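In the part that follows, the structures are each spelled out as structure tokens.
Across the two complexes that follow, chain A remains constant while its partner is chain B and subsequently chain C.
Moving on, here comes the complex of A and B:
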């Protein structure tokens, strides 16, 4: 269970996505880079050359290590690459949200939360 | 009732019977309360799942529109602005804050988005051309992110509620299928033991009464026997005096003095 203080200071969103999604979301103003010593970005651009380990590391960093992120947005086709990680992630904070990307239409069947919804209602 | 039935280890006394009865009552009250809580939460849960379903579909549409506007920007600016934007992102303008909502004792967090004033990382973006498109794109994406934030809070509520409902249902089932039967068994056991003790006590009393009766009868018979013997003896010894004497007690002049 999330404790009281746990989500008080979670005020950022994080993005793992392809270039277009990240660009768009950054334009909306969610981009944040922590002050100089560590210079951590809260977004990761994934293209064909990014390997799965890097995506997993970023996912791990945004969900577990950083305590200031409330929502992690991840493109669905990227979530598919680390599907086992996304499916086994059950914490309430931060929330992991699968979003559609430009080239990959949204498929509700793959969404980890929607699948849980379906399972709960016995479909 | 079999002795192997699941029950609590108590001595079958009236006091523990009282305790067990109070416990059963408490368990029943708790059961009905928890059941109601679970129902309230499930109602809420269903509502949330329905809204998630809707919001996910809405998100698909909103993101589509947003990508379209980004494509417009790319076209207007005449090149990919992704790199430039990634480099110029410094501080988040769009932030979220969590507030809580209380549903039957469960604190559900809800995200709320807000814009911080005064910092604009992309003041220079689209300065040359396509500034208007960039502006529109930013607005579209801001709306998209708002929808996403709403969806995220629904999803968080979903995850937390899911967990809480599981816990509550587990408790309801534990009370219904373990605690209540066990307490009932204990009460039955104590009652049967008490009855047994009562029967034993009754039997014992009966036995004692019987024995007393027999003893009394024997003592009576003995006394009778002895008095008869005495009478017989007296008859042998002093029948002549006795025959006339004791007919009138008042007439007997000479009694011996009674000395204690």
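Moving on, here comes the complex of A and C:
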């Protein structure tokens, strides 16, 4: 069980997604860049040229290193690239949610929460 | 939501099978809500993408695409997460919170950053939060805080600007407690609202932004404020119920083994008695 100090400072949403997904969410006002010299962003725009290693590093940074992230949003097709990491992530904070993207509609079969449901019911 | 059965207390229940059934019933109610919210999120995301596509299609000359080229490299979050914790009561009864029956242990909430700065800073942006303290240094850490913040902030938005949500904005009733205490607070709120206007992400894309872009912002705000926090809450709560179910199943397996051993011992005793009698 997470202690109160674990979640009290978690005040940002982070997003790993394609350009349109990130733009939409940043329009809602969740984008945050820490002041220099860190200049850490809470979002990563992924395109065809982005390495899987970079996605994995961002996921690691948002879920493990940074203690001010409360919810991590990741496009489902990008989560598929690091599926082993997403499915083995079990911490309550930050919570990881898979969201649909423009070119890849949401597939319940791949959703990590619904995979947990299937595991619970022995499938 | 309010029809969800309260999760049972595993320790006190003498019938583990019934306990597991009740936990699973609660779990399925959560799953149902999760699935419904997923559908809502899909719809909202689709609308955001459609609006962005329309904005890009109708973009003026010189605007390549409403995307990362226009992001402000010094952006500050104007909507932040607040996580509140409600501990389980004695005897395993879960506290009801915010009118949600059988309330979750952890509740996520996303609301406009507002209110005085408080609380420790864990990241490297402490100075940054102090800098933005007048319009919001941190997210709310409790449900009451969140209510106050969202209530007062939405009042400001209503009086100053249309933030793009249009008619879809859920206006919360303004309580007397949410009103500023004096004129100084009024001045502060007006200055903070003008700052907020400047910090509006729409401004990254120019002064006269197209209507579809504002519509995209409205849908995104609805998703971020209403759907995503509840999905996160459900994900955490479902995880906790999964743990409870697994524990209950283990206890049931142990109890069944103990029962078998007991029966076996009784049978052996009976066999010994029969042997002695013979």
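The rule we apply is simple: the second predicted complex is superposed on the first by the 121 of 123 C-alpha atoms of A that agree within 3 Å, B and C clash if a C-alpha of one lies under 4 Å from a C-alpha of the other, contacts with A are read in each partner's own complex, and residues count from 1 in each chain.
Simple rule for what comes next: contacts are C-beta pairs under 8 Å (C-beta built on N, C-alpha and C of every residue); 3 or more make two chains touch, one makes a residue touch a chain.
None of the values given here were measured: they were computed from a predicted structure.
Student: Could you tell me whether chain B and chain C fit or clash when both sit on chain A in the superposition?
Tutor: With chain A as the common anchor, chain B and chain C collide in the superposed model.
Student: For A:92 in the superposed arrangement: first (chain B), second (chain C), both or neither?
Tutor: both
Student: Quick one: classify A:30 as touching chain B (first), chain C (second), both or neither.
Tutor: In the superposition, A:30 touches chain B and chain C alike.
Student: If we overlay the two complexes on their shared chain A, which of chain B and chain C does A:20 touch? Say first, second, both or neither.
Tutor: Touch status of A:20: both partners.
Student: In the overlay, answer first, second, both or neither for which of chain B and chain C A:38 touches.
Tutor: second
Student: Looking at the overlay, does A:66 come into contact with chain B only (first), chain C only (second), both, or neither?
Tutor: Only chain C; A:66 stays clear of chain B.
Student: Where on chain A do chain B and chain C both make contact?
Tutor: Dual-contact residues (chain A): 2, 7-8, 10-13, 19-33, 42, 45, 70-71, 73, 90, 92-93, 95, 97, 99-102, 105-106, 108, 111, 113, 116-117, 120.
Student: Which part of chain A faces chain C closely enough to touch in the complex?
Tutor: Touch residues, chain A against chain C: 2, 4, 7-13, 19-35, 38-40, 42, 45, 66-68, 70-71, 73, 90, 92-93, 95, 97, 99-102, 105-106, 108, 111, 113, 116-117, 120.
Student: For the complex, give me every residue of chain B touching chain A.
Tutor: Its residues touching chain A are 49, 52-53, 56-57, 59-60, 63-64, 66-67, 70-71, 80-82, 85-86, 89-98, 109, 111, 115, 121-122, 125, 134, 137-138, 141-142, 144-145, 148-149, 151-153, 155-156, 158-160, 162-163.
Student: In their complex, what parts of chain A are in touch with chain B?
Tutor: It comes out as residues 1-2, 7-8, 10-13, 19-33, 41-43, 45, 70-71, 73, 90-93, 95, 97, 99-102, 105-106, 108, 111, 113-114, 116-117, 120-121.
Student: In the complex formed with chain A, which residues of chain C make contact?
Tutor: 27, 31, 34-35, 38, 41-42, 45-46, 48-49, 52-53, 65-68, 71-83, 85, 106, 108, 110, 112, 119-125, 127-128, 138-139, 141, 164, 199-202, 213, 216-217, 219-221, 223-225, 228-229, 231-232, 235-236, 238-239, 242, 245-246
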